[in-house]
């Protein structure tokens, strides 16, 4: 189906009546996913500074309220099942949601806050005609027009978007919009667009999981972290990072339980009550970050926890580039491939 | 710049080869356009990686605290102000530090460059003296270096290092510190100021890059991380708490802030942090005639008490 | 565990807040289910833990010290270290607290059937070991297991937990209960010496035996070689780990050792399993 670019704002205006609509919005030079009230606010095709994971997994979220008084205990959880549409998601970010699904619905437990939002949110992605120089999605098993995680994928073919339904929900959604069918010309154009979308950045990740299997005690980690500030920029802005903290905000016996993003790059993240800390320096923390993304996550869920979006590269205050880290890891001698 | 790079490399190599130092902290070429990256050279060979250019934006004093080994640092004016302040606070042992001072005309603000090219991606740059060319796909934009400098740099009066063991680069013409930005802000109504700050603080994601990039922020446990008692909410969506975080940070920096802008440069969300830090710098200068990190021999101003110190916060004078 | 939302605690009533040790740093808490239904749903085995919540303060993970054959209550022994534990110590009997659990895995009590069991504990890390002993000594079950030997040590007599029960176990003949304190102390007539040395003296046979060990890191470090000398293989040694935890569900990402989440894949591991994981705990 075809959506004319000039009709996007109107289409979003209509959606807003029925759904909560999130779209990339530019404010003060920074693009973030926000709930919009009017179609004109949206800036489809822009890559957001903060990843849209925050739609499903907000940076700060109240899990439940409670109150204990003479009448006993009352608790109220706040599970958000508003029908929502995330419009203008990047394919890498859509893919990251599939990875997060593994985490928030594991073999034993279901995080109903996340899964309820996930079930009620349609993901409409826009493919990347012009990947940035920091994008390396094709090196980590994705691509500028990857459909994983999207319900609908839009391809920018100039004056309009070609819309493809990826899932059943996506199909139903598109049907309701009553859009004109795509002609052969548009289809050909879309195919060409997809083909010409070239990545300029590539890094060889083959065998990195196995390499890291033998690298826990490798001296490489001693030098890797040296310039790192131990801040939360790379992890907070990463679409696949999912660590969080749980805290209570309360006065006397009434309050709420809040969860906030947390980061493995912070020293307090693993500090025991006894004062012992299994990750004492940036060395252990950077190793955890690299291992989690390219070894532990692969071991658990059979995919690397990096979709190659490049946000950590662009936003690291000291220009510590994860592509270089991958390349360095690959280049280390682990002694295991001698024979 | 090439010449400075060469001189820095040679000095570093010599220091390492003669075992005068174990480590040289400087900058290497970055992986992105408009970026250099902090670099730790421990061998003469590694010293060849050192560079100097207008993208050396980080404050390297941050890496010098509580070091056991003998270290040399490639430091520009503001790095050295922080070093001076840190020596006074016993965070750096001057005897173990060799300062390769570099005179500085300012560093380029990558956000300004991005704004100039209006959303296009800069892939390459070329500097010819006063001019820089920003290049990319369908992009070739010339600009004056001066116009792209960080605001903290254009207002900085200390491009010439205040202390050093060796000086590299030509002496810069003297400048007066300039607080026009703060004066402008002070002239706004309280409501306008509050509004502006709220808007800035809404952007904060509490990544603490600002705090961690700051050479002068080194508390074992920052008050924002304290759990008993918990001073402020850990939520990032509370602009009020974010402002308390920055406000307290600025108070902790009074008379200590080197006005280097490292905090603002580190902020991924582009928050105008120097507005707050520089207000502190300006107030301390006006009240006590003191600027941090300029004189190795004086006492940090807030550790010093004179009976005739002005006390505008206690009574109206 | 709340079936619909694993973050919601169930309400429990604090029926006993008992100061367990001389230094007053450990209190034992008996909790009673407020809702009958919650009691029926709360099925656990020795070794599991729960998140204990003080309303208005927060929650923290603690090993369950009671045993499933003590129906109607849950028991925890808590050291005063931070926000939640301090608040717990101050709670009045009758107060409502929240409990989220049971969480984590358990000592493999099924696989232990037909085997001799050695239990080694030190300091206040005796909580889930108490649970295990109570469980094994249950008359309906005692016959399923071989010899039971327990070595439990503390710095001084005042720091031993569950003193009455220790006495009772010492008087029984279906369990070899060895209690020790680090150095001789006035009024103490029992054994003295550090746990590793006492284990060496007691010298339990490794034959068809499994050893469960729980205690401070130094104790574990020095007991391991003793066990090895006695012929215990890493498969025969079972340990319970502590990490900083928040969710307890394998999601918040902070308690991992390698690819394993201690909260969900643990906290109970055999030494054999631990040897395959990175040494980061």
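Should a chain be cited, it is by its letter among A, B and C, assigned in written order, with residues numbered from 1 in that chain.
Heads up, the rule we're going with is that contacts are C-beta pairs under 8 Å (C-beta built on N, C-alpha and C of every residue); 3 or more make two chains touch, one makes a residue touch a chain.
A quick note: this is a predicted structure, and the numbers were derived from the prediction, not measured.
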Using the contact definition from the top, classify how the chains connect: line, ring, star, complete or other. complete
Centroid check, CA-based, most central chain -> A
Distance between the centres, which are taken as Cα means, of subunit C and subunit B, whole angstrom: 51
Euclidean distance of C-alpha centroids - subunit A vs subunit B, Å: 31
Where the CA atoms of subunit A average out and where those of subunit C average out, how many Å apart are those spots? 39
Using the touch rule from the top of the page, what residues of subunit C touch 2 or more other chains? 82
Touching at least 2 other chains, the residues of subunit A are 245, 247
Shared-contact residues (touching 2 or more other chains) in subunit B: none
Can you tell me which positions in subunit B touch subunit C when the two form their complex? 227-228
Contacting residues of subunit A [partner subunit C, same complex]: 63-64, 66, 68, 72-73, 75, 77, 79, 103-104, 106, 108-113, 216, 242-248, 250-255, 257, 262, 264, 269-274, 276, 278-279, 284, 288, 291-292, 295-297, 299-300
Residues of subunit C touching subunit A in their complex? 4-9, 11, 34, 55-60, 79, 81-82, 85, 96, 98, 217, 242-244, 246-247, 249-259, 264, 278-281
Complex interface listing, subunit C residues touching subunit B: 82-83, 86
Interfacial residue positions of subunit A with respect to subunit B in the complex: 28-30, 49-50, 58-60, 130, 132-134, 223, 226-227, 229-233, 236-237, 245, 247, 249, 258, 260-261, 263, 266, 268, 313-315, 317-321, 323-324
